[in-house]
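First comes the structure, then the notes that go with it.
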Amino acid sequence: MGIRAQRRGLFLTVAGIAFMISACQKPTSDTVQQSPASARALSGSLADPARLQQDDGQWVMSAKNYAATRFSSLGEITPANVKQMGVAWTFSTGVTAGHEGPPLVVGDTMYLVTPWPNILYAFDLTKPGAPIKWQYDPKPLGAAKGVACCDIVNRGAAYANGAIFFNALDGRTMSIDAATGKERWVTQLTDINRGETMTMAPLVVKGKVFVGNSGGEFGVRGWLTALDADSGKTAWRAYSTGPDKDVLIGPTFKPHYDSDRGKDLGITTWPGEAWRIGGGTVWGWLSYDPEADLLYYGTANPGPWNPEQRPGDNKWTAGMFARSPDTGEARWFYQTSPHDLYDHDGVNEMVLADLQMNGGTRKVLMRADRNGLLYVIDRLTGEVLSATPFVPVNSNKGVDLKSGRLIPVKEKESKQGMVVRDICPAAPGAKDEQPMAFSPKTGLLYIPHNNVCMDFEGTAVSYIAGTPYVGASVVYKAGPGGNRGFFTAWDPLAGKPKWQIKESFPVWSGALVANDVVFYGTMEGWFKAVDANTGQLLWQFKCGSGIIGHPMAFKGPDGHEYIAVTAGIGGWPGAIVSADLDPRDATAGNGWGGMLADLKKTTTKGGMLYVFTVGGGT
Amino acid sequence: MGRFTFALVCTMAATLGCERETRRYTELPAAANRSTAVRLTTLQPGSPQPISNVQSPYQYNAYGLAEGKRLYAAYNCAGCHGVAGGGAIGPALMDDKWIYGSHADQIFSSISQGRPDGMPSFGGHIPDQQIWQLVGYVQSLAGLVSQDAATSRNDDQIVGKPENRIEGTKQIQTGHR
Amino acid sequence: MTQTAIDVSPLPEHAFGHRSILWWATMGMVAIEGTVFALLIMTDLYLKGRNEHWPPGNILPPGLLWGTVNTIILLVSTIPNELTKRAAEKFHLRTVQLWLIVCMLFGLAFNVVRVFEFMSLNVSFDSNAYGSITWALLGFHTVHILTDWVDTGVLTVLMFTGPIDEHRFVDVSENAMYWYFVVLSWLPIYALIYFAPRIA
Amino acid sequence: MAPLIQSVLHPAGVQAARLNQLWWVMFWVCTVVFISVLTALAMAIARGRRSASNASDATLTGSVGAAVGISVAALLVLLTASEITGRDLDALKAQNALRIQITGNQWWWDVQYLNPDPSLTVVTANEIHVPVGRPVGIVAKSNDVIHSLWIPALHGKRDLLPGRQSEIWLQADRAGVYRGQCAEYCGAQHAKMALTVVADLPDDFERWLSHMRGPAPPPATESQMRGRDVIERGPCAMCHSIAGTLAGGRTAPDLTHLASRSAIGAGSIPNTRGNLAGWIADPQHIKPGNKMPATGLASEELQALLDYLETLK
Amino acid sequence: MNAHPLEQQKADPRLVYDDPRLEPAALERERRHHEASWPDPRGFLGWLRSTDHKSIGLRTIVTAFVWFAMAGVLAALMRLQLSRPENTILGPDLYNQIFTTHGTAMMFLFAVPVMLGMGVYLVPLQVGARAIAVPRLVAYGYWMLLFGGIFLFAMFFANVGPDVGWFSYVPLSGPEYGIGKRPDVWAQLITFSEVSALVTAISLIVTIFKLRTPGMALNRMPLFVWAMLVVSFMVIFAMPAVMLSSTCLILDRLVGTHFYNYAEGGDVLLWQHLFWFFGHPEVYIIFLPALGMISPIVSTFSRRPVFGYLALVLSNIATAFIGFGVWVHHMFATGLPQFGQSFFTAASMMIVVPTATQIFCWIATIWTGRGVRFTTPMLYVLAWFFVFLIGGLTGVMVASVPLDLQLHDTFFIVAHLHYVLIGGSVFPLLAGIHFWFPKITGRMLNERLGKVAFWLFFTGFNLTFFPMHILGLQGMPRRVYTYPAAMGWGSLNLLASIGAGIIAVALTVYLINVIVSLRVGAAATDNPWDAADLEWSTSSPPPVYNFSPQPTVGSRDPLWHTELTPPFVIGLNPEKCEVLVTHLLDAEPDHRYPTPGPSIWPLLAAIATTILFIWSIFSPWGVVWGSIPLFITLVGWFWPHRGVPPREMERELARLEPREATS
């Protein structure tokens, strides 16, 4: 169990968070609440996501809001009554791959994108059992499954101006009319023959849809692309490697640290032409600060994993960019893992908040990184304010706050052809894409994460377009303590956990804070509600399959609060089950086989959407 | 000139004649036309023909299997199917489930032609000879080749049993999952 | 010139200890196997030097219980062993028979416990070099225990069924010698297997 | 092209020169010893035949002792010479040295010119250039079995050990082309695992190195374009790399500047168009057992491929 | 002291004079008694059961020479392939199998066994023993050698010949790169030949320690016996290293252990350390017996006792000790720290001192001898001085770390090692065969043919191997199956190949000489060369029981000091085939010991072992199941045939000692 700090009142001096921006304004949610269902839908269809994100009754983007807090202030479900929560309705997706990402609720309709074949369902929430309103099948190529590194997942859709935006695995972004399910536009962005896929959830800001590619394990050159939300035409594209003009680095680029300054670092920090196949894909989460008008996103690992094939810092991979959403110009960059040694992608979500630090209010972003450090970074300048390990870490010695650089540990560095043992955290990191939540009420981050170490052997690998470009043999094992996962309530100011729940398996579901109750799921299939303040388990429900989905909260047309989550084991670790891998090979599933052999005996595959409410039923 | 032409014509006639008069009752050696009789199912109309039991020319050949193992790594097969065949992006190769069949010619076709759910088609990108070597090695992952000829462990991280210690799988299931 | 000769007919027809041919042959075997043990120990130390952690990774050192139990069994077994040897050198057939059976029982106990020892090594021979050399050390010693045990068994049977002459008693004495070697060689191996991983 | 020099007795660098010196010291001392002992033996035979008179045992002991003493003295001379040479060889390590990493593979050499700035790294294979008069520190590694790097005109051997890394320091003092060869038996084609070493004048070397940093030139003619297509779409790209194209294989030698190299197949045959064609068509004929398969390219494809490969200067 | 009656007190042997048993007729009776009692099994089955050291020794020598011939044919094939550049007679695959099999067979199946075979034949005779100690073990050792050799060559002909070099460096011989069963064949052949050598070494040590005839104190032992003693000890301490390393190799390959897997904490240099810890002493194991043969030959044909007996003995021992300290000089190119370099250079060069001492002692012997008799054996020995000096001096060069960096793994080393091994060992061996042939067969070898063979061999040898020094300096590496014409190595290689042809002719002449002389050679007397050691005191060839009566000695050169006629040994029971066991240091009589008779069990045990070894290449279960027949054969082997049932024994004990019954 986690540490329970006594000084709760002291550190609840959270001055403001992105969420509060919305709270200060006249809440539209009141009107929405009172309006009839059709009116809600109408208002939803007209509204800009910038406004809709503030409405706790709806959930219009996968991270709930631009600040990526996954916090809902809906208070109907309380620690007291959560025990009476029951299933309202369910829906089987018929897909047996891993179900990541949350459903959306816009007005009276719920939208759900399944993993490949990426069918978009719309459910009519006004009717009992929420029947399917329409469904849209993009018919993505089956071959795309062969170049999706970590199960054929989809991390959700985004809503804006009457359209649902989402990506199909074979590299298409599409805009679907939210009301009718009719296709507005489809843009093909990637080439699966080069190993490029798309799995991330788009973000819509100011009439632009931001999407990034996946395929860091295939020698893909990563990018973030802004598409015009109305036409699907590319507005700009920022690569994560290569010359400054490709990375959209210009005069406005003012990184905080020296090592990020210089001409064409995206070339000179790579050997030869390795930057062309250097990874740095953008498959994770995006945040946006409307006030500073800055878009934040992370770049994934450099490829291949074997670091000896790419000496140098490998800019601009494994770091985070702040860009102008309009032009794409980079404002600052910070590299969490220069010359990444362990596949420590920098794509984890960045939660934006204003924290009271050192006597002042700092506009920060918080990121629980794969490398085991929880970063608090000034989101205007890119300065690292603190970087604290939130799991046992032996592969780095933290961050030198002066130079901003991660301090590597020599003996844990890869030596091609040799097994380097017990690297903590492992390649999936202390925390992978599974998003955390932040409660402005408690000031705590709720982090679903892993406790995984690994043995790593770098091997020479050929770049063969469309085949994996990894160059490592990895075997994961449970970290210190023997439990493979944690659910941690983290106090970013004190830099330590408030409380912590040990889980047998990595906690690969997202977190949700619904007022005072925190929700998350486990890979065994338990959907759990815990007290936001104490971490006490309040309620749990055993779903049909392991949960790696992201829970969300919404207010139904009936005015009641609902919690929805998808069960369906899969994803990188869950592929052991969903892809029926053989754990006798310890590297099965890129390293999970050795550690998750028991998962096959614990749960089975099968995607199902669960919607809960107090009392259950409709 | 005329004499030369005459000689040329005679020579050509002779060569053609030899070729023409050759009565090849046995067509090419089995290895050459293996891929034609590939079946992915046992279900056939009428009385079923036996499933072809064409074997990889390297089934009992240690060198061919070792080459297969080298190529399995060199062509990034390991990236999808696991270092020891446990699977990752692609299905496991060490178990008893073979979506497109475990017979040598079926595996050959899978590698050469590719398969719709993500298996790239390697035909034309690597010589057939190497595909056969890969076939032999892939079979060894499930214990389908002679243990005497199968490869042993690599000088690398050990993530599963070496192929020469894998007991043959008894029941091979074939079919879509 | 008078022919002289050495008449050796008064000499005995057998001798114990270093006077006997078999003792030297046994010592030859002991020298060979002792060399192998020494080289195995050197190999272990060499590999230990090549590895940053010994045991590598998060492998636990072998459990102490069974190894220690076995060490005690081995050390105690020297008592019946010595008694067998003395009885043999005095040609006390009954006593030899009795102690040989006791020795057999000790050997049996040892071999049974050895199985548990292998199970408590916490590493497999094919996991890594540490596992390989640890298994090799324990395995090679087990081969000695096993062969000497089987050897003692044959000798025991022989002492009950015959045919017997004085040389059988010499055999029993040599067999006891060899057992001492097996016991003595165990001690450094025991230290290496069970304590070296705990020191570094 | 200058004749290939691969001889201990024709040193072209300071290290090899020292070893050559040591060799001649050893040779002459040993020759003297050899002749002396045989003379003694001949005298003994002659004397023994002449008279049966025995020298006293004490005299004999003295003589034998003296002979052994002289042998020991000769030995000490050699030991000292060896020791001095050993120290001299160690003295070459230098800060401003050129650093080359050579990785052994069955049966070719992977070469990387290291640079603190990773983008200035140069990758090539089977042929190295070194500047005259500048120390070169070679980092020796292996990807598979044990190989041994031996360029007799420049220095002695250094084993390339898998799982370990070693170093050797050498320097060329005369411009020229020197041949090196794998000296540790490494399997089927141990015999055909040679390395060409070109010692350039410093300016030439810098020019060469900066040229090597560039990618392959884009194809100019239709046929060359077709040739690049054959590489990218055909089997070549599965194993070979050519910077500037899609070919990124690392299991076989880098071909980015293939045409500038003097030999193919790790020194198996001279690099001519005809040889290259023969090699691509049937590499197993020229170097049986090597890892390159016959690719079965159509002749039109082969010609286009050759057209393109010839541009890879 | 409550001594049991059966526990006999040490009784002193008596010196007897004028005993009726010393009458010539009585001695002849005793000889006949021995003749009748010592088993000399006839026929094929008898041949299989034989435990007579002369029979086993001779067949070991013959078998080793058969392997020598086969390995020699392989050498000729290599020379044929290398005779011109870019030759395509042999492909790399076959060539690599050939040079590996050649090296392996020469080292493991010829050089060591033939020397031990000479020892098995000669040592009991030279120490005046009636038999070798633990003869069944020696018989077993022979069968293992035979089966090992058959195994290797059968596998070679089945295209499963080892192809990783006689040193089988990992990882080339390891599970990943040593493809197929070829390296397993090598590793198991090692086990065969090591088992054979080890048991033989034990037997020789025990024979030398315990069976020396009275009077032969350690300081009177013939130098060949000293050499065999030292060599046997070297075998015991060196061979386990290669057995261990090859066992680890098989385990790595078969069940996936990681002794040599650098990725998982093993190490590739571990192999080299273990291998050369054996491999360097191995050279002296081959070389020292040859030196032991030189001493009697030099002494005999210079007609004086060898000069510097003590120095020669100490040199032997010193060589053995230093030989164990210099294994790293095979690993200089792996990169050693400077300190290690100096140490191993010095140690490697130090070995010159004992060798030089020996050479000078022999020169002194010749110098002060009574004129050299230029017999064929002596010619070989004189040639030995020439070739071995070259080999030894190039050895000094190679011992220098810096120079070795240039010479290592080149043809210079090929030249060096053949000068040392053929020059150092085969020349004396051929001399020894000539020397002892009369003793072994009862017939003299033809001197004329012998000299023809000698001069051909000497010429061919130098022609073959001397150019290789130059080739090495010109940069030609070892173990290459071909070389480019442009390298200019063609003519010297051709010369070497011609030399190899001459060697082949020379050895054929030698063989013809042996065959012809066996049939029509002059009959040999007991001591045709007028040599000094005890083996020349018995008939040629010696009887099964070696001597009757058993002689004792009073000096180092017993046959040259007949004025001190030593007494005979009498009183050994021929019925039980008794041998006289003496004390270790001064060889005083201690007790009588019945030597075990012929037995089929060593053969059966060897067959069972062979099955186990070969099976274990394919499955680890081969070791488990294979040990069952081995166990059965061993029980059969050791099951006694003499003695009484326990009850009877007990009764006898009770009768002998009533006191015990009451206690």
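Order of writing sets the labels: A, B, C, D and E. Residues in every chain begin at 1.
FYI, a residue touches a chain if its C-beta (ideal position, glycine included) is under 8 Å from a C-beta of that chain, and two chains touch if they have at least 3 such contacts.
A quick note: this is a predicted structure, and the numbers were derived from the prediction, not measured.
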Going by the stated contact rule, which chains contact chain C and chain D alike? A, B, E
Touching both chain B and chain C we find A, E
Taking each chain's centre as the mean of its CA atoms, which one is most distant from chain A? E
More Cb-Cb contact pairs, comparing C-E against A-D, go to C-E
So which chain ends up in the middle if you average the CA atoms? D
Centre-to-centre distance between chain E and chain D (centres being mean Cα positions), rounded to whole Å: 40
Length of the line joining the C-alpha centres of chain B and chain E, rounded to whole Å: 51
Could you tell me which residues belong to chain D and also touch two or more other chains? 162-163, 237-239, 249, 251
I need the residues of chain B touching at least two other chains; which ones are they? 74-75, 153, 155-158, 161-162
Out of chain C, which residues touch more than one other chain, so two or more? 56, 126-128
A full list of chain pairs that touch reads A-B, A-C, A-D, A-E, B-C, B-D, B-E, C-E, D-E
Residue numbers on chain A that touch chain E, as the complex places them: 417-419, 457
Can you check the complex and tell me which residues of chain D touch chain E? 3-4, 6-9, 16, 18-19, 22-23, 26-27, 30, 33-34, 37-38, 40-41, 43-45, 47-49, 52, 54-55, 57, 60-61, 63-64, 67-68, 71-72, 75, 78-79, 81-83, 85-87, 89-90, 106, 144-146, 148, 150, 152, 155-159, 161-164, 166-168, 179, 181-192, 267, 288-289
For the chain E and chain B complex, residues of the former touching the latter: 171, 174-177, 179-181, 252-256, 258, 260-264, 618-619
In their shared complex, at which residues does chain D touch chain A? 117-119, 121, 123, 143, 162-163, 213, 215, 237-239, 241, 243-244, 246, 248-251
Looking at the complex, which residues from chain B come into contact with chain E? 62-63, 66, 147-149, 151-158, 161-162, 164-165
